[in-house]
Every structure is written in C-alpha cells, then in structure tokens.
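Note that chain A is present in both complexes that follow, paired respectively with chain B and with chain C.
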Partner chain A sequence: MQHSDTSDQQPIVKTDKLTKVFRDFWRRPKVRAVDEIDLEIGRGEIFGLLGPNGSGKSTTIKILLGLLRPTSGNVSVMGSAPKNVHAKQLIGYLPEDSHLYNYLTPRETLDFYGKLFDMTRSQRIERITQLLDMVGLTHASSRRVGEFSKGMARRIGLAQALINNPQLIVLDEPTSGLDPMGCRQVKDLMLTLARQGKTVILSSHLLADVEDVCDRVAILYNGKIRATGKVNQLLEKRDNTRFTVPSLPPGKINEILTLLKDKIGTDPKVDHPAMNLEQFFLDVVQEAHRNTGSSVGKAGSDNVAYYLTHE
Partner chain B sequence: MSKILNIARLTFRDAVRSKFVGFMIIILILLIGILAVSIKGDGTLVGRLKILLNYTLNISGFFLGLMTLWISCGSVSREIENKQIYLLAVKPVYSAQIWLGKWLGLLLVNITLLAITVFIIYAATLWCKQVQGVTPDDIERAQNEVLIARRQTLPLAKDLDKEAGKRFDALVKTGQIPDNMPYKKTIREIKKQLSAEDLIVAPGKSKQWILRLPHIYAKNSRLRERKTGDKDTTATLRVSFLPSFRSPNPVTGAWIIGPVTNDTSLEPLTFNISEDHPSTHEFEIPFSAIPSDGSLAVTFENADRAASTTVIFDSNKPIELLIAEGKFEMNFLRTFLIMLCKLAALGAIGLTAGIFFSLPVATFSAYTLIVIALIVNYFSAVAQHDTAVSLHHSHGPTNRSVAMIVGESIASAAEIVVNPAMQFRPIAFLSEGLTVSWSLTGKAVLILIIIYCGTFCAAGSYCLSRREFDLLL
Partner chain C sequence: MRLQFRQFVTLATLTAVEATRQPIFLLLTTTCVLLTILTPMLALYNFGEDGRLARDSGLAYQFVFGLFVAAYAACSSLAREIRSGTASAVLSKPVNRDIFFLSKFAGVSFVIIAFSICSVTATLLSERVAERFMLTSKTVGYVTDWQTAGMLVASVFLSYLIAGLLNYKLKQPFESTAFGLLIVGVLAVFVISGFFNQLGDFDPFDFRVQWRILPVSILITMALLILAAIALALSSCLDTISTVIFCVAFFALGLLSDYLFGRYAGTFIAPTLAHMLLPNWQHFWMSDALRRGGSVPWSYLLSAAVYTVAYIIGVLCLGIASFRHADMK
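On to the complex of A and B.
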C-alpha cells in the first residue's frame, strides 16, 4: 500500500476559517452549520469534537472527508484537498450509523472495501481474519450484516474503517450501540493506534469516552469553536488539590486533618475513591466470562489486529 | 479496473436480489408462454413465427427497458438515501469508477435477464415447429422465410429533385404555375406527385426498377457459396402490389428480370402472372441470371388492357431482392446484442438521473426523457413523409417569429440527439427473416455504447464528483 509522505511537523488536518452554509432550493442561505473554524490536528493525536446536536460536528467531519464542500475557507487533509484520491488511501472512516450493505456477510463487506484499496488477495484474507477476531465476530463471519444487532454492525463498521491500516481515522460516535466491553475495547484501540503515530478524530456525545482517550478537544456550538485545548488542562480545577494515600485508620486521619487545618486555615474533606461503573461492570463480566464462556453477540480475543500495530 | 469490477459485482448482487426484478421476470416468462401458446397468426407456421418473434421480443424489450430504468435510477439514488455512498465516496475511488462500476453491474444484470428471455423465446420458436398439424412443407417454408438470415436489397432511389426540376420548368413554360406560388412549396408538391406516380402502373404500361447487389454475391460464386453455405441457392424477388380497385378480372402481366445494359449473353427471365387477389409474390432467381456487375433490372408490364386495372405497389417496399446468407441463430444473437446496447443506454440514463434525484423523482424524470425521445422520433418520422406535421423550418411559413425559430431550433437539436439512438429496430428484421448485419450491430455499439453511454458516463461522473452527499435532492 502506498503511503504519501507527511512529515511529523506537518499537520494531518488543517482548516482555516472553514465555513459551511446550507442553502435552500433558491440558493438562499438557510443554516450556517460551520462558522470559520480553525483546526490543526497533528500526527499521533486523538482529537475530540464535542458539542450538542446541530453544533456542526458531523458537518465538519463530512467536509474533512470530502462528502461536503466548504462554502468558504481552506481545508487540507494529509496535505491534500479532501477529495484527493491518494489522500483517501490513508483515511479510515466510521460514520454515525454504519451504513453497510445488509445482504453481505462481514467477510464479504470487508473484502469489498479491501478491494477498493487495491489490496492483494492474501493481504485481504490476512487482515479480514485479524479484524474479525479483533471485533469479536469471527463466529458470525458468514451471517448477513442485516441480521446483526446495532452493536455488531458497529463492530463491522469499525473493522471496515481499519481495513487499509489508515493513518487518519475519523470516528463518528464509535461507541454508539456498543456494550461497555465494546466501548472499552474501542477506547483501548484508539489509544493503541495513537501510540502507533496514527491520528484519530473522535466525535461523540459521551463525554466520559472523550475524556478517557482524547489528547485535545474542541467544543462546538452553533458552528463555532467555543473552547479548545488539552483535555487535562481544560478540566483541571486549579483552586483544589487532592492527595491520595493508602487506606488509613481513623485516628491517623484525624491527626492529618488537624495538621492540614492548621496549615491551610480551612476544613479539608475526606472521602474514599470509588471505582467507576464501567470498571466495575468489566470486572463482573470478566469473571462471568471465565466461568461460562463468551456471549452470542461477540466472542473474541480482544487483541488489536496485528497489522495495525506491527507494520 | 479491479475497483470497477468490484463495484459492478456488488451492483449485480444488489439488483438480482430485488423483488421487483423477480416479479418482472415472472410476468415476462408468463407473457411469453401465453403468447407462444395462443398466437395463431394467419394460420400458417410462417405467420405464427413472425408474430411470435415480433411480439415476444418487443414485449421483452419493453419490460426489460422499464426494469433497467427502475434499477439504474435506484442504484445510486438509494445508496445516497441510505448513506451507503458515504463509505464508498471516502474510499480511494474516482467518481468515474463508481459510475462505470454501477453501469457495468447493470449491464451484467441485463445480459443475464435478456439471455434468459431470449433463450425462452428461442425455445418457444422451436416448440412451434413441433406443434401438431405442422407439415414438413410448413417447416421448410418457415426455414426459408423466417428462421433464416436473408440479405435485403431494395431498388435504387430515383433522383426526384432532378425530375421535379424538369417538371417544374415544363409547367412554367406552359404557364401552369401561379405567380404567387413559392418555389420550394411547388417543388415539394411535384415531388409528392412523382412519388405517387412511381407506385402505379397503368394498363398497357410498364415500370422498371434497378437493383444493385453487393459484389460479393454478383461476382464471386465461391464466396457466395461460402457465405450462403449452399451451392444451389437462389435469390428471391419479393414484390408487393394491389389492383387499384376490386376488379372482377385477374391482374395479368409479366415480370421481366435481366441485365440493365444490353448484355446479350444473359437471357432475361420472364414470369407471367395472372392473379385474382394479388398481394405479395415471390420469384426464385438463379444466380446465373444475375449479371457480373450486380446490376439487375426488374420490369413489370401491365398487360391488362381490356379490364383497365391499374396496379399499385407498396409504398415502403414495392420490390426487394432477398438472398439467404446466414443462420437464424446468429441473426438472433445480433438482435440480442442490439437489444442489449439499447438497455445499456437506458441504464446510463437512469444511473445519471439517480445522481441528481431521489428514486421516485429520478425514475419519473428518466421515463419522461424516454417518452420525449419517442415523441421527437415519431414527429421526425412523420415530418419526413411530408405530412401536416413538421419539425423543419423549410416547410413552414416564410415569416417566422422568434418563438418559432427557437422552437424549431430546439426540435432540430432534439432530432440530432434522439434519432441516431432510435434507428435500431432489429426485431422487425429478425421476424421477417432479414439479416441483422454485423455492421448494424457494430453501429449500435458505436452509437449507443460508445457515444451515448460515454457521454452519460462523462456527465454522470462529473456530477457525482460535484455532488454533496449529505443533501437529499
């Protein structure tokens, strides 16, 4: 597969005053969906696009993919125009709904998309096997996609987005319809891909997902970027400090609290850190899996496809 | 190319699983079956086969045409509506590859469906020969007249312009042309008169036609033998005529067939006729009677002096010379190919319409376009016969308004675009046992596939590359 040269310094995605105005039948402006957006996303970054419904996230993504044309402003993806066929060789895309051909099996679906990347037969067979194993659908590879649940279709959608070992992966609500294990797996996958130097653009309503994986985010409202920056910097509460220590006996706690009160002049608060629900759920399911085996919908090794991490 | 084939394969799979296609095929097979059983024609096997081939092939073409338009309109528009195009458009595929892949997939669908249909029609044709009551003579006649490919040679057209000019001069000299009569209109009227006169032979008069055979048949007997596969084959002269009124007496006359020049080495053939109810008549002419230059003079002498019966010839084909030159099966194959070219062109129209509109709007637009094309072609054909309908400004009044000029220009442009595609009617040839030539098939490929589909491909690909897929039109 040919990969174009994009130096580490060169942004993978760059927009300059990107604007999209939807017009009515008479060409009169109807909606300003994207309004002078400036973005610069680098190699190996996981970038989150956040915003309420109608804020312009999907429109921005569609412009980046060449599905929509900008009304004004500039956009470059992998150093080329979004419609450039050579740039598309390096892009993987998972839309908000998977939009697959219902009459194809997962294997046929992946084979169809693989052929569009000029992959050889042996390459396709190898990657399809790895991807089906990765998304846990090897056992359902000969069933039609139309028979799948939303979550299973989503997994195939994700697999097709990765068939070409892309350098830029655009994921629109990737965890929608997935169970917590699937969500965790997708998030782990994103982190793995980023570690390989691949760029991920993530659009999601699930703020916890974005918080877990994204390096930087942009929050959109009415087509404009309202806030942007590194996630930990944006979320940092600079007027509070937290200490974490191993579990202590009550006497010791009171001793430390008194000491702290003397030093800072206000009453400090004490609580026990709680496990989040996602982690608790995963622990329970892992235990059940050890005892009873895999469920009907998904059964896999949870490994990331070998070629995504070793090529 | 692999990307195109990949998309074509998917389009084919998508189409053949359509319930609409299944329904149409069942209806079509039922119709062909019913027609094969119920058609009687004129009671002869020849008549039955002619009608069977004509009706079933035309019905198949009509149904498959409707189906092609429907599938092709939906092929892109449904993908846009279902947003499956998102995944296709973001892959490294040119819009021309998408268009060609879809078109090729539709072509594969058409090849499959047309092959099924044509095979059933062919089987029905063979079955008709086995029906009870059909004699060996009937079968032999059918083999010679319908289940065969015969080359048709029509008489050379007369130079009516020259003759009309002469008659005009003569009429001017005798003062029979009014001063205010426009020249063009007068010439047109004279030409009409000459055409009508050309079809009648009054009692005691004669009329001659000149036929020019292709050299392959006239000169080289070995080539002819190889082409026809028969050493003893003959040419057939078919004439079509009627008496001017219901005469109680038979039409009597003589057909004299011989060289155009005074070639004394060839004796003209003479066939005397005395027909009670004349219509179509056929004469067998051995090749030895055809001069080496391929020019043949056919003369009819109306010998019915007493009864005063004028003979009127068919305006379309007064006489025609038919030479067996090939097998019915190959003729059928060429008809199949031309029908396929037509379906491919319809597919190209539907596919391009589907890029702009949603499925119902695209289908309606494509059907409308086809209806307009048929209307333009119909009026164009009518106008050529010098009737009241005219698409040409030369027949209209001299003082024309701007609207008329614009209208005529549009009509002329529409004719230029539409008529080349409408000239291919192989079914009429096949059912008459006439050769559907390879040159006609090649011409169909050139015009319908290369020019028409190529133009739609260029337009469709450009529009697809400019299309914003998030917007439903």
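On to the complex of A and C.
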C-alpha cells in the first residue's frame, strides 16, 4: 500500500534513541514515557502509532512537534529540529482532544489559524469555505465551537490541521467521536493525501482504522517499540493459503474439496467471505439516504478540499 | 519579521476577543459601572462629602473589580490554555513561543485598559452626579444631576438590549457585543452630558467633570497591568489555582510592603530585597491626594509610568524564560 517510493529520499521524520522522562516538582524522575525509540518515516507514507493508554504515543507526537523537549536522543522532522519554527509551516496537527477556543465560531477558528500561516484574506476565505464543506460544518459556521458535540469539534479540529496544506499531517486519534461515515471520510482523506505525496502519522486505539489505511505501524508499550513493520507483512498468516473464487454450486464445491484433500492430505475449510461491519453499515445508511433523501445527522461532503489535491 | 508581527496581532486580538466573550468580564464591568453611578444616589448622610464619596468609591471599584479582571484574564489566557491544550494547538503552528507569550500580555492589557476606560468615565460622571450646593439665578440649594445618572443607567440597559437584538437577528456574540456597546454607551453619555449643566438645562459644550481624577485612575490601571504581568509570568509554570494563590500573596505583601519590609529596609538584606522587588501598591493608590482640591502631579505619574514599564519588562522577561522551556500538555 506504499503510496510513493521513499527509498531514495531523506526521511520526513527520524528519531534516534529518543527518550522522554517526566519529572516531578523536585525534578526527580517520575515516569519514562518514551524509551529509546528509533523511527524513520518516509514521504507519502501513512504511519500508524499503536499502543494502549500511556504507552507513549502522544508524548512521541508532541516531541516531534516541539511541544515537549526530549530528555535524550535525536529528532529530525522535515530535516530540522522540532523547535525550528519555520519547519512547522509544512506541518498539520490534530491533537487528541480537539483543543479549540470555545468562544470562537468555526469560521473564526479557521481564520485565526490561517492568519498564523500568513495566508492572504482571499486565500483564507477560499480554503475555509472548502474545508467547512469538506468536514460538513457549513451549516454550523456561525455557532460557537464550545457548543459543538465531540464529533463536530473533531471535524473542525481536522479542518484546522489542514488549513496550511501541510506536507506532514500528524493525527492523534482522528476518528475518536466520529460516526462511522465520518470515520470512513477521514480514512479516505488520509489515503487521498498520501497519494498526493503527503506524509501522515496516525495515532489510534482503533485497530481497524489503522489496518485500513496504514502502510507501516509501530506498536508501543511502556514507551518502547515492541513491533514495527508493514501492516500486511505483520498480519500475514504464512502457514495458511486462501483461494477466492466466484460463488459455486454445492456439487462443484464437493468436487474441488475432494481433489484438494487428495493433493494436500488434510480437510480444507470452505466459507463465504464476509464484509466488515463498517462497510455493511455504510451500505445500509447510503441505501436509506437514497430512499428518503434526508439525513438526521450532518455528514461532510465527499469532496476533498480542492487546494489539498490541486496545489 | 512581518509574519511575526502579524502573528502577534492575531494572537493578541484572539486573547482579547476570547476574554471579552466570557460572561464574567461583562458581569464585572457592568457591576462596576452600576455600583459607581448608584453610590452617590443611594448613599445617605454624607455631610456634604458626596463628591468625594462618589470619587473614592468609583476608584475603589475600579481597583477591586480590576484586580479580578486582571488576574482572571491573565490566568485564563495562559494557564488555562496550557491546561486545555489550545496552547499546544497554536504552538504546533509556526509560532514562536516568545511571540505567543507577549501577545497574551498585549491581549490582557487591552481588556484591562478597556475596563479602566469604562470605569473611570463612570467615576467622572458619578462625581458630577453627586449632590452639591449650587447658587444660580435659577436655584439655590443642593442639586443632584439626575439627568446624567439616568442617561448612564439607561446606557447600560440599552447596550444589553441592542446586544440581545444583534444576537437574535445577526447571531453576534452577546457578551463581547454588550461589552463593546457598554464602553461606547458610557463614552456617549460622557459627551452628551457635556451639553447640559447639573440642573439639566442645555448649556454650551463643556465637560463639567473633575479631570484630576484621571491621573489617579491611570495609576490604578498601571497597578492592574503589573498584576496581570505577574499573573501571566506565574501562569507559564504554575496551574490556575497556584497562580491565583501567588497573585493574592503578591498583592497582600505589596500592599503591606512598607510595614512588613520597609521598616527594616537598609538594615537587613532580605527585607531590603523584598521591599525593592515587591510592587508597592500604596504608590498606585493616590485617591487621598485629591482631598481639599489636591491633585497628583504629572511628574509623579511619569515616574510611576517608568517604574511600571520597567517592572513589567522585568516580569515578562522572567515569564518568557520560563515559558520557553515549559512542556506543553
């Protein structure tokens, strides 16, 4: 699923024995949140950081963004140290909780972040309109974000992370609080962005999300990387082989089974492939939407903001 | 450099907007204005000191309510942002930490100055409203300027009414609109009242107010700015509760500085240092100087301004040094 060749390119993110120790009031070591992590993430890759609560995922992300100082080790993000303010021109970050200014409206929120990137007024207006349409919040653009549900706040959080058309997008639990349609849209968006050569770092508890979109993952526990590699290689069961054929009549199946048993000496297993619950849910909702022509909730449009794919 | 300046202005504006959209600021400002204007009308048995009572009360309200405004604005703009994570979200963008910190102070200062303008205008008008003995061709006796008082109270209610209508019709945020309209309303009353004398008769334009109140109010505003700087610097390394506790300690110790440390200054090192480093709030409370027609000399105001600027720069430098190395949650 690699979206572009990274072998001959400099890594977008590189860490070398990265360690972070949090200290108490008296400067005594309290917890070793990140312990000698080595990472290399290439351009156009979707990289998943997995792990239980407190495993060091968010701490690692915050070090990459220069929000926390590493205790030891080296970090380079887009060829610069994380503290380098200029490198952040090309980074988009969606925090674990959306962290929004409660008294601003979505339009004001995006305008505020746009100004921090020195975007012109016309550029901001254009991008804000596209982003609000993409995340399905055009109807709520004059409401305060403090009144939003968690899912709506997540959507506006995602929009602010993309306002600068970033080359590196760091998403901490991006689908948390979203309905299945919203989750699907976010995952499709990640795939679209990766196809444009953008790098995505995804931290999530939802393993299905990670499995759906990530090229490579690292599994963290107690601040250490316990497993890392390409998703399909990590999940592949090499001791079994599966054939998939179009639906066959019972007689034909028995014929093939007998033939296979003769060849391999054991009883082969036959079943029908099942779609996952997410796909089934989306099919049912889309069918209902086609029939009634309305939706109780408000979903984002299927259009990715134009500037994200055409600039 | 241009981008940094733009970011500074954007962040400072956001700080001011966020602050004025919190109901607490509107509540504090409204209460301050109403108490200031109602005091001379409701107070009894003043022994002919109505004007002084109105003046002292107005300035005291500015100081007390201003302390809440300054401490709350400073804490909510930094400590709360660090705790809630909005600071992380902003600092993940290409924003220098020094710019972020300084813009917070600029935003908070704007709110404090807006509050002070509203408060001192109300005090000037309140002093004008207060009962006084008048001897004119039309009247001889004690006169209260009910017309100005009525206009001021009406301006408060009118600002709320218009803000409510704007919120209903145009979805304008109520609190910040009302806050802005309140300031505009109070200033408008100040100008309109200039066309009338204390009896309510039309008279050629003349501000019939005690301008000598202004320097005293400016001194109070300086004290509020110093406290805001201290609160902001503390916020960079402490949580909200600890910041408030330390601010209260700074205020109490600064108020008693002369008594606690001044007596031993020059004799022992610790009290001398404490007396030097703590802001002495007594120097910023000059209401007593207005007794018997007195005033605060402009040279004193200039010295206080130099002290204030120097103190604020010192405190902000410490705050920046601390904030540069702070871990964001």
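Going forward, the second predicted complex is superposed on the first by the 296 of 311 C-alpha atoms of A that agree within 3 Å, B and C clash if a C-alpha of one lies under 4 Å from a C-alpha of the other, contacts with A are read in each partner's own complex, and residues count from 1 in each chain.
The definition used in the following text is that a residue touches a chain if its C-beta (ideal position, glycine included) is under 8 Å from a C-beta of that chain, and two chains touch if they have at least 3 such contacts.
Note that the structure is predicted; figures quoted are calculated from it, not measured.
Chemist: Superposed on chain A, are chain B and chain C clashing or fitting side by side?
Modeler: They clash.
Chemist: State whether A:R107 touches chain B only (first), chain C only (second), both chains, or neither.
Modeler: Touch status of A:R107: no partner.
Chemist: Looking at the overlay, does A:R144 come into contact with chain B only (first), chain C only (second), both, or neither?
Modeler: second
Chemist: Just chain B (first), just chain C (second), both, or neither: which does A:K198 touch?
Modeler: In the superposed model, A:K198 contacts neither chain B nor chain C.
Chemist: Just to be sure I read the superposition right, which of the two partners does A:K62 touch: chain B = first, chain C = second, or both, or neither?
Modeler: In the superposition, A:K62 touches chain B and chain C alike.
Chemist: Examine A:R155 and indicate which partner it touches, taking first as chain B and second as chain C; both and neither are also allowed.
Modeler: neither
Chemist: Once the structures are superposed on A, label A:K115 by its partner contacts, choosing first (chain B), second (chain C), both or neither.
Modeler: Both chain B and chain C are touched by A:K115.
Chemist: Could you point to the stretch of chain B, among 55-63, 163-171 or 217-225, that collides with chain C in the superposition?
Modeler: Of the candidate stretches of chain B, chain C runs into 55-63.
Chemist: Identify the overlap between the chain B-contacting and the chain C-contacting residues of chain A.
Modeler: Residues 22, 62, 65-69, 85-86, 88-89, 91, 93, 95, 97, 99-101, 103-104, 112-113, 115-118, 160 of chain A touch both chain B and chain C.
Chemist: Please give the residue numbers of chain A that touch chain C in the complex, ascending.
Modeler: Where chain A meets chain C, its residues are 22, 62, 65-69, 85-89, 91, 93, 95, 97, 99-101, 103-104, 112-113, 115-118, 142, 144, 160, 164, 170.
Chemist: Which stretch or stretches of chain B touch chain A in the complex?
Modeler: Checking each residue of chain B against chain A gives 2-3, 6, 10, 13-14, 17, 82-84, 86-94, 465, 468-471.
Chemist: Which residues of chain C touch chain A in the complex?
Modeler: Residues in contact with chain A: 2-3, 6-7, 10-11, 14, 17-18, 21-22, 84-86, 88-96, 171, 173, 325, 327-328.
Chemist: Which of the residues in chain A end up touching chain B in this complex?
Modeler: Its residues touching chain B are 22, 59, 62, 65-69, 83, 85-86, 88-89, 91, 93, 95, 97, 99-101, 103-104, 112-113, 115-118, 160.
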